[in-house]
Amino acid sequence: MKKIINSPQDVVPEMVDGLVRSYPEYLERIPDTEAVVRSDKASMKGKVGIVSGGGSGHEPAHAGFVGKGMLSAAVCGQVFTSPTPDQIYKAIQAVDQGKGVFLVIKNYSGDVMNFEMAKDMADVDGIKVKSIIVDDDIAVENSLYTQGKRGVAGTVIMHKLVGAAADQGASLDELEELAKNALPHISTLAVALSAATVPEVGKPGFELADDEIEYGVGIHSEPGYRREKIKTSKKLVGELITKLDEQQHLDPEKQYAVLVNGMGATPLMEQYIFSHDVLDKLAEKKIKPAFMKVGNYMTSIDMAGISLTIFELTDKKWLEYLNYSVETVGW
Amino acid sequence: MLTVELTKKWMELFYDEIDKNKAYLSELDTPIGDGDHGNNMKRGVTGVKEGLAKLKEPDLKATLQAIAMALISKVGGASGPLYGTAFLEMAKKCNETQKPEELFTVALEGIKKRGGAKEGDKTMVDVWAPIVKTFSDGSFSKEEIKKAVESTKDMEARKGRASYLGERSIGHLDPGAMSSGYLFETFIDAGGTK
Amino acid sequence: MKKIINSPQDVVPEMVDGLVRSYPEYLERIPDTEAVVRSDKASMKGKVGIVSGGGSGHEPAHAGFVGKGMLSAAVCGQVFTSPTPDQIYKAIQAVDQGKGVFLVIKNYSGDVMNFEMAKDMADVDGIKVKSIIVDDDIAVENSLYTQGKRGVAGTVIMHKLVGAAADQGASLDELEELAKNALPHISTLAVALSAATVPEVGKPGFELADDEIEYGVGIHSEPGYRREKIKTSKKLVGELITKLDEQQHLDPEKQYAVLVNGMGATPLMEQYIFSHDVLDKLAEKKIKPAFMKVGNYMTSIDMAGISLTIFELTDKKWLEYLNYSVETVGW
Amino acid sequence: MLTVELTKKWMELFYDEIDKNKAYLSELDTPIGDGDHGNNMKRGVTGVKEGLAKLKEPDLKATLQAIAMALISKVGGASGPLYGTAFLEMAKKCNETQKPEELFTVALEGIKKRGGAKEGDKTMVDVWAPIVKTFSDGSFSKEEIKKAVESTKDMEARKGRASYLGERSIGHLDPGAMSSGYLFETFIDAGGTK
């Protein structure tokens, strides 16, 4: 493991500090926590607070999306480990303006349980809390009897939607409805060229040969659904779009937003080439995205790989929310 | 009977066991999870140690509560709220009964409620559930603990991160089952019996 | 080499296409070139055009900085290879509004010569062209008899300054003066954990052992000034700041801007930790930056590493220029 | 005397030589540059081939001009404008004289002016300058070309990317010197003499 760090145990506090001190115009640390809140408190006045978070290692998610028009606060857990309820609870307290707080949670056992415990704590305080559990990763079969699909890059889309709506004065119930309506239309699938190395572990989550890739990996180096020899970008895109199409039934009559997401160690050069192939493949289906973004948004430490999110814009408002101007480090 | 003494001793031994097996637990968590269970648990037991050290002459309830709060606020991940809930439920119950069997029963209920896992889902529940049963038939022993931990090997995971692997989770021990095994083994080593 | 590409020869055109098609609201390709121009033509009206560019592989530089308030156009050469004069010339023509065009050139033989040839071509057309040659990399000794220092991440600072000034109506002469005044106050130094792999070459520019780093590398895997065992982030920062201090004579009475730049494969996690140590080190010298930015701005394909740029703000206007709002993909 | 025939033959052979040594040129460019000189030159000679194929019955000036434009617009990097300028200067001069010696002299002047390098700076100038001199004393030959290329090995670079290495550039051949060597060698193979 070769990393620019001091000690594996100090990664999270130092990183959170580094981020907050580099961008004091946007961010502030909530005392005694590894949670980050907007420094522009006026921007939260009279509005529903939006809190997200999760394990660290997904930078700029989640703290990089804190700012006017997006998240009110983000809670940073240990690397790839859900934050604890006490910290989430403090973030809820810090952003509540009497209008309630909306939580954006990724569908992992740990995240779901810790955020739920925080919600219980806030209930006692009389703070109204609602939430959405994002599960956009179609690599995993959904089922009532299992944990279900994972939450990955589509979570950033969810941040953007509810963030923009909250900034425009949406109520807690309206945010819940928006989130519930949008969720089934957000689908993501990833491909990895290498796994992430958690600093405290010191070696990659899995090993891929020099010419191997793996489809369907999660953002914590969870193994995917198929391993094979590396293909051209066009063929990778072909595989991902075929699977996303099965899920979403891509239709030239409909509008779509596209998020191409680098996993941390994949240069923009490759992301733009991949995007080129995505646009070609969609054009074959007579689809031209109404919104597109390419870059590192929901990373997996130093994983090399890329994910593709397709979001069907069934409601006109959603495109407006995506284009709504924000003041954040990461969007 | 669970006493303050026993609980403290138990937590000391549990600390040592986790400390010794930190790397192993993370290793178990690598093929079917995200490789952090050892680190998570180590943070937890360190928190427990610190939490208990701060208490002056606590009663059993305060002791169990301190353990719960330390686990909840230090472990994170999936195992933190589960272990935390287990001890919180025990704290709630312990003024009424100090029988390990009854306390572990409410703890197990808490874990099941918090995580929604059933027996056979390849989680820590697959250690807690059979072990709670051994108290009734008097078979509570390290052997039974090992058997319960081992039983998770052939299961297909349906909760937690391992569930994303489906069939490929078969053939690996569940890390949370292993750490729960340590919890019960050190309970015996501390002098705990039914 | 494991990369998400189609064929090494097609990397540049596909990447440029992918970028431009993903962000049609900002970017447009100049026909028959690999140069990119603002799609918002109105934003250029009556203003001096700003053109930059260079070899590809530095994404988001340079095309990602094209947009209102920053560059008017960027010319994308082959990977790590200066673009050709005909393409630069077409970019100059595309952005000239009768007020002249200002070129931001990095100090590499190739870039300097190709941009100069383009300038000669524009002269024939009667287009007034001035330029700055950025040479912020203090790893290389300056000397009249050699090529001198290289242009690296500080180039992005230069883009921002002249872009903001041009947007506010600065004349060609004023831009030249601004650039000349600011240049000596911009210093950069980098450290690499691994070298970049040019797709057409297929292997890294140099090899570093599993525990080695190299100080002073350039953005094309040019070797640096010292190789040693990896250190903590604090110690890396110590080395870089000591060298930058020798150059800039850091002074608590003065104002500074800081740019922490990831080289392509270095996750934000590490960049934030590094930034934390930079801020600590500067605080020891009683300096708190007036402006700071952390992220991937001038990358070196998939190099793992980081560069630190310190810019002394001797003119009050410069801070305003840095904070001036822009509409680009990359800033 | 430089003729259209000779120039075309020369460029064909130069193409073959670059094609054959593409990897080698990039390899030379790796320790002291950025590893692309072979690729750059290959794009250039491919452009020259295409450019010349488009000309119908060109005169010498049009031929040299087409070569210059192809090199300028296809090579990029440092070598593109230098080789391009060299042929552009030859094109300007060739109506006045077709003597290789005189044409190469103006080409060399162009390279020096464009790049600012002097002899001894470890660049292509260290091949062009001594070779131009060999025309006066009649020693123009492959042997002299090889000697000139080899001479760059012990030099310390003061222009181009290699200059960033300072002393560490010593001990490596200069890639642009090598490709210039190919240019003069293929000139001989094409039947060019003084």
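Details
We just call them A, B, C and D in the order they show up, numbering each chain from 1.
Heads up, the rule we're going with is that a residue touches a chain if its C-beta (ideal position, glycine included) is under 8 Å from a C-beta of that chain, and two chains touch if they have at least 3 such contacts.
Note that the coordinates shown come from a computational prediction; the quantities given were computed from them, not determined experimentally.
Centres computed as Cα averages put subunit B at a distance of 75 Å from subunit D. Distance between chain centres (mean CA atoms), subunit A to subunit C: 29 Å. Computed centre separation for the pair subunit A/subunit D is 53 angstrom, with centres defined by C-alpha atoms.
Separation between the centroids of subunit A and subunit B, computed from CA atoms only, is 31 Å. Residue positions of subunit C touching 2 or more other chains: there are none. In subunit D, no residue reaches two or more other chains under the touch definition.
Taken as a contact graph, with one node per protein chain and an edge wherever two chains touch, the assembly forms an open path, each chain linked only to its neighbours along a line. Contact between chains, using the touch rule, shows up for A-B, A-C, C-D. By the touch rule above, subunit B contacts subunit A in their complex via residues 26, 30, 33-36, 39-40, 43, 72-82, 84, 114-115, 158-161, 163-166, 168. Across the complex, subunit D is touched by residues 55, 77-87, 108-110, 113-114, 116-117, 139-141, 145-147, 150, 198, 200-201, 205, 218, 220-223 of subunit C.
The residues of subunit C lying in touch with subunit A in their complex are 2-7, 11, 14-19, 21-23, 56-57, 59-60, 64, 193-194, 210-211, 213, 230, 232-234, 236, 260, 264-277, 279, 292-294, 296, 299, 301-302, 304, 306.
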